[in-house]
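Below are two complexes that have chain A in common, paired first with chain B and then with chain C.
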Partner chain A sequence: MAAASVPRDVTSYSIGLAAPLTLFFLVFFVAPLVQLFVLSLHNDAAGAVWGIGQYVHFLTDPFSLGVLGSTLLLGAEVTALCLVLGFPIAWLYHRVGSRAQTLIILIVLLPLLTSVVVRTFAWIVILGRQGIINSTLLSIGAIDTPIRLLYTQAGVVLALAQVQMPLMTLPLITALGRIDMNLEDASCSLGAGSWRTFWKIVLPLSLPGVIAGCTLTYAAAITAFITQSLIGGGQMLFMPMYLYQQASTLQNWPFASAISIIFLLAVLAVVTVFGTLGRLSRGYGGA
Partner chain B sequence: MGGRKRTWEAISFEVVMTAIALIALIVIIAPSLVVLIVSFTNGFSLKFPPPGYSARWYAELWNAWQLHFAAKNSFVVAMWSTGLSVVLGVAAALAIARSATLSARVLDSLFMSPLVLPALAFGLSALMLFSLVGMPVSALTLVIGHTVVCVPYVVRNTVAALAQLEPTLLESSTILGASRWYTFRRIVLPLIRPGVIAGGFIAFMSSFDNVPVSLFLRDAATDMLPIRMWQDLEGKLDVTIAALSGVLIIATVALMAIMERVTGLSKRLTS
Partner chain C sequence: MINRRTLLTTALTLGAMKAFPGLSYAQARPLVFATFTGSWEEAHKAVLVPAFRKANADASIVLDPMLSVDQIAKVNAARGNPPIDVMLHDPGPALVAIGQDIVEPFPVEKSTHYKDLIAEAQEPTGPAPFFQVVGLTYNPDTIKTPPTSWADLWKPEFKGKVGITNLNSTLGTGWLVEVAKMHGGSEANIDPGFKALEALKPNLAAVAANPGALATLFQQGQIDISPGNFNAIQILKARGVPVEFVAPKEGAIAFKTTIHVVKNSPNKELAFKLIEASLSPEVQTTLMKSPYLIVPTNSKVPMGGEIARVLAKDTAELKKKFVFQDWKKINEQRSAWIERFNREIKL
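Coming up: the complex of A and B.
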């Protein structure tokens, strides 16, 4: 119907073509999430008594709040590391020839396309007691006994940063490619040094890319179940594993639902904050 | 005067940025190389560097029937999910790509949301829905769940390809008397094909590798490869898993090279 009212523009297609996917999403994506929310509003494990007891339980339990806090902190640390390492990659990309550019992209893409278990397994081999770092440090005499790298926060952050790097780097490469090179030249010829030009011109103009990259990296880092559980080990508990334990091992579906909803809202809040910053930064970039 | 200072400053900037970039690239690629090297060990442990080299653990893989079974399941589910994602995703991308209406933007956000929302929460909710309607977990429930989380890649890449399409090409085709359907088949489809293939490729890889959704939607009959590997790794560090990882890394690199040839993958993801 809508298509008929639009003038016959050959470059656009009827919105009706989106109907099958919309229906598919309503049935298999939106409906399950609504049902998840409904189940979280039950006080008992059987799901018979209505109430907000599960949320009260979570929000008054120091242990649960601790898991949420450490998960959000983990995301921030991974995102920061990805930004510090990813920005120079994007910068280098625009200063090399096209063959080197292709190589850089393929290297950056490799972890994204490699199986998550494989790349996590690789970090176990690197960080383990007999791993590369420990055996190197032992052989050069820097340490006497193996140091603990696996099952530490730093290990999880490093492994996650490697895995999520494409999500940060690809938007940055796109954003840097859109910056008018003349602006950098102008800044330099007006007497600003390279560092000053970077902080005052390049970084602010690339903010839309920075924000897009941070959003994707943050969301991926806090939901990265496999890497968190294998590198973090039993001592460190983050939201995905907490959710999985409650749902699968303890079969406490209403509480698992409440954890899911709180987790979803936390992710949505972060995405919204980043999204708002993104709109502001575009205004800044255009000014 | 200031010339020398500026030069030093420019050099320090270039050196710092290049050094960090190179370190980052090495950190990104090192784990894959390490696994490849370790997988060719002739020993029983995952020591690096290995005491000696052999392909014995790759030979072991031939007998690992549990891994074969899981790999076959993962492959079949990934094929179906990719097929479904491409059919539904391309149609939806055509509808929303060149439309600035509110409904098109709302749909775009809806189709992209599985990218940021925790897949584990979706997996749990899908399991609860299927159990509510009395649908036992099976390959079908896996395909449905995977399609939801894979479709964003197809939609995003197809929308990007459509956005780069020259409207004048389509207009001239119509002016020259071609029907809309003929224009779509002979002009639009060939031009967006690389984008669709790139999106389908990423969708396939992410389905083949999916853990959070599969965790809830599979049973013993539909064991999936990444979950099998994860469970094997939690128990012990198995060298067979290293060999399997080696196979997967080589296959991934080979597929990436083919995709780079066929679709210009690297340019497609940065435009």
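Coming up: the complex of A and C.
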């Protein structure tokens, strides 16, 4: 552009290159979001009366707040389970031969190559009354009657954890790969046991990966409409289903918009907390 | 002179014209028929569409399968230039669509088949080419005596074996209305229905998120008995799943599936022709046979096969066995019911 004649500062770039993406986001992301917000500022379902009635309705209704709470809690449970199960895999990845590494990556990535719907139906088969878990327990005589696994919170957490696992494992593998293995050896040679080494060296240094993984898993788990509704069933209500019900079945778009905005803000708040932890952890990791 | 910028602009314009053909050829798009997903789509693709094309010089038509409520949302988003020409609706959404003024009245006087439809199917806002029938479905391997009444769902021997759907679906809502009626309620008074649901809780194995999910639960052995859709069950049965359908003695719930011309459709004439094809005895006769087993509404179509066996031998018996519900009344309170179901039905 015009600035071409001036000697360029190599550390600053023309923002012109970002313009197409900016425009794309403005048109396809910001504009609909604004429209959604404007729609939520109507008191009636037809969208004729202005007001903040929908927000008042949601925020003063214990039931709606309960749905929001249980959704956020679900995300926390799934994230915790993914972290506990995903960390050892990521750790193992850096301690095995290249052949085994390929195998681990394949196992981690495999779920991503299958549709969420297929994976969710597989969980219905596994958790069902005559599913793998129940029939195994029955055959070894551990239980007399099939236990209820499908349509329970535990079932939803389990299925979601499997579905979202790659989002946790991949950032962890990257983060653990950045840690110099010599640090562990040094820690051990200075007399620290393996657990002490883990808590003092490996975990703090891997925190950026943990934070990234948790953010991704959390956001994906609470918005996972298909898995939530198919494993959770029609009587367990989470925010995505609540939203769908209001928008599609009841055509109450202003309330549905208000729900989305509130949900969006709640998720942003959680992500901000993760982000803050991430910044703190960087200081920690560098110390 | 061609420079990079004009080249890019031209390419983008051409690309946009390709991506949004409506920009350049507003009138020339094919007829878009929004059908339901699953068995409906299969049936319409295999029978209705070929019949329509044969009668209309291979006119181009596109099936766009989606739920009724999504059809309404899509048309509402672009009322002036709707992306759909023909809509298919369950009774609840049909009233919403009519109320929102997005359907065109059906040109009754132009139609050849309209007068042959049974009275319940004659709707000037959009006739009903099909019925959906809801009765009791059960697994004959585990339940030896076929159930006969909705009340059987409450029997103690079905503890932990009953499946229902929530009120998001027409099936779930319609069934709850029948339960309310059984206990002295009505479309206007649902309280007895909710009370009965409370008593059903020990028997409930599952509250499915939608009727499709309910059907698969029979396959998993998760449930043995449930209110169910005649067509959905026939499809399962055809795939070897042990499942049977009975019309309860209170009457099977019949939902009119109505078909509508969308207001401001650029293809009104073709839309009318498609609807005519759907009402024709030929199409309805074919759709009545296996594997579709769609209940016909044209009184000239003689009942046969599985429909004659488990539902009705002729139109007169059909009318006697079917219960039609007042969806106008139901719609008035449906959102309150859904909210109540959300709150009260926790297992």
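Here is the rule we use: the second predicted complex is superposed on the first by the 272 of 287 C-alpha atoms of A that agree within 3 Å, B and C clash if a C-alpha of one lies under 4 Å from a C-alpha of the other, contacts with A are read in each partner's own complex, and residues count from 1 in each chain.
Throughout what follows, a contact is a pair of C-beta atoms (placed from the backbone, for glycine too) under 8 Å apart; a residue touches a chain by one contact, two chains touch by 3 or more.
Please read these numbers as outputs of a predicted model, since none were measured by experiment.
*Asks:* Should the superposition on chain A be reported as showing a clash between chain B and chain C, or a fit?
*Replies:* clash
*Asks:* I'd like to know which partner A:141 touches here: chain B for first, chain C for second, both or neither.
*Replies:* neither
*Asks:* Which chain, chain B or chain C, ends up touching more residues of chain A in the combined arrangement?
*Replies:* B
*Asks:* Considering only the touch criterion stated at the top, classify A:230 as touching first (chain B), second (chain C), both, or neither.
*Replies:* In the superposition, A:230 contacts both chain B and chain C.
*Asks:* Check the residue A:251 against both partner chains and state whether it touches chain B (first), chain C (second), both, or neither.
*Replies:* In the superposition, A:251 touches chain C alone.
*Asks:* Taking the superposition on A as described, I'd like to know which of chain B and chain C A:97 touches: first, second, both or neither.
*Replies:* neither
*Asks:* Looking at the overlay, does A:86 come into contact with chain B only (first), chain C only (second), both, or neither?
*Replies:* The first partner, chain B, only.
*Asks:* Which partner chains sit in contact with A:128 here, chain B, chain C, both or neither? Use first/second/both/neither.
*Replies:* A:128 contacts both chain B and chain C.
*Asks:* Residues of chain A that sit at the chain B interface in one complex and at the chain C interface in the other, please.
*Replies:* Shared contact residues on chain A: 121, 124-125, 128, 130-131, 229-230, 244, 247-248.
*Asks:* Please output the residues of chain B touching chain A within their complex, sorted ascending.
*Replies:* Its residues touching chain A are 2, 5-6, 9-10, 12-14, 16-18, 20-25, 27-32, 34-35, 38, 45-48, 87-89, 91-92, 94-96, 98-99, 101, 103-104, 107, 110-111, 113-122, 124-126, 128-129, 132, 144-145, 147-148, 151, 155, 165, 167, 170-171, 173-174, 180, 183, 202, 205, 208-209, 211-212, 215-216, 225-226, 229-230, 233-234, 237, 241-242, 245, 248-249, 252-253, 255-256, 260, 265-267, 269-271.
*Asks:* Using the touch definition from the top, list the residues of chain A that touch chain B in their complex.
*Replies:* On the chain A side, the touching residues are 10-18, 20-22, 24-25, 28-33, 35-36, 39, 84-86, 88-89, 91-93, 101-102, 104-111, 113-126, 128, 130-132, 135, 158, 162, 165, 170, 173-174, 177, 191, 193-195, 198, 215-216, 219, 222-223, 225-226, 229-230, 239-240, 243-244, 247-248, 253, 256-257, 260-261, 263-264, 267-268, 271.
*Asks:* Within their complex, state which residues of chain A touch chain C.
*Replies:* Answer in residue numbers: 63, 121, 124-125, 128-131, 148, 150-151, 229-230, 232-237, 241-242, 244-245, 247-252.
*Asks:* For chain C, which residues count as touching chain A in their complex?
*Replies:* Checking each residue of chain C against chain A gives 67, 69-70, 72-73, 96, 160, 164-168, 172, 205-210, 213, 216, 220-222, 334-335, 338-339, 342-343, 345-347.
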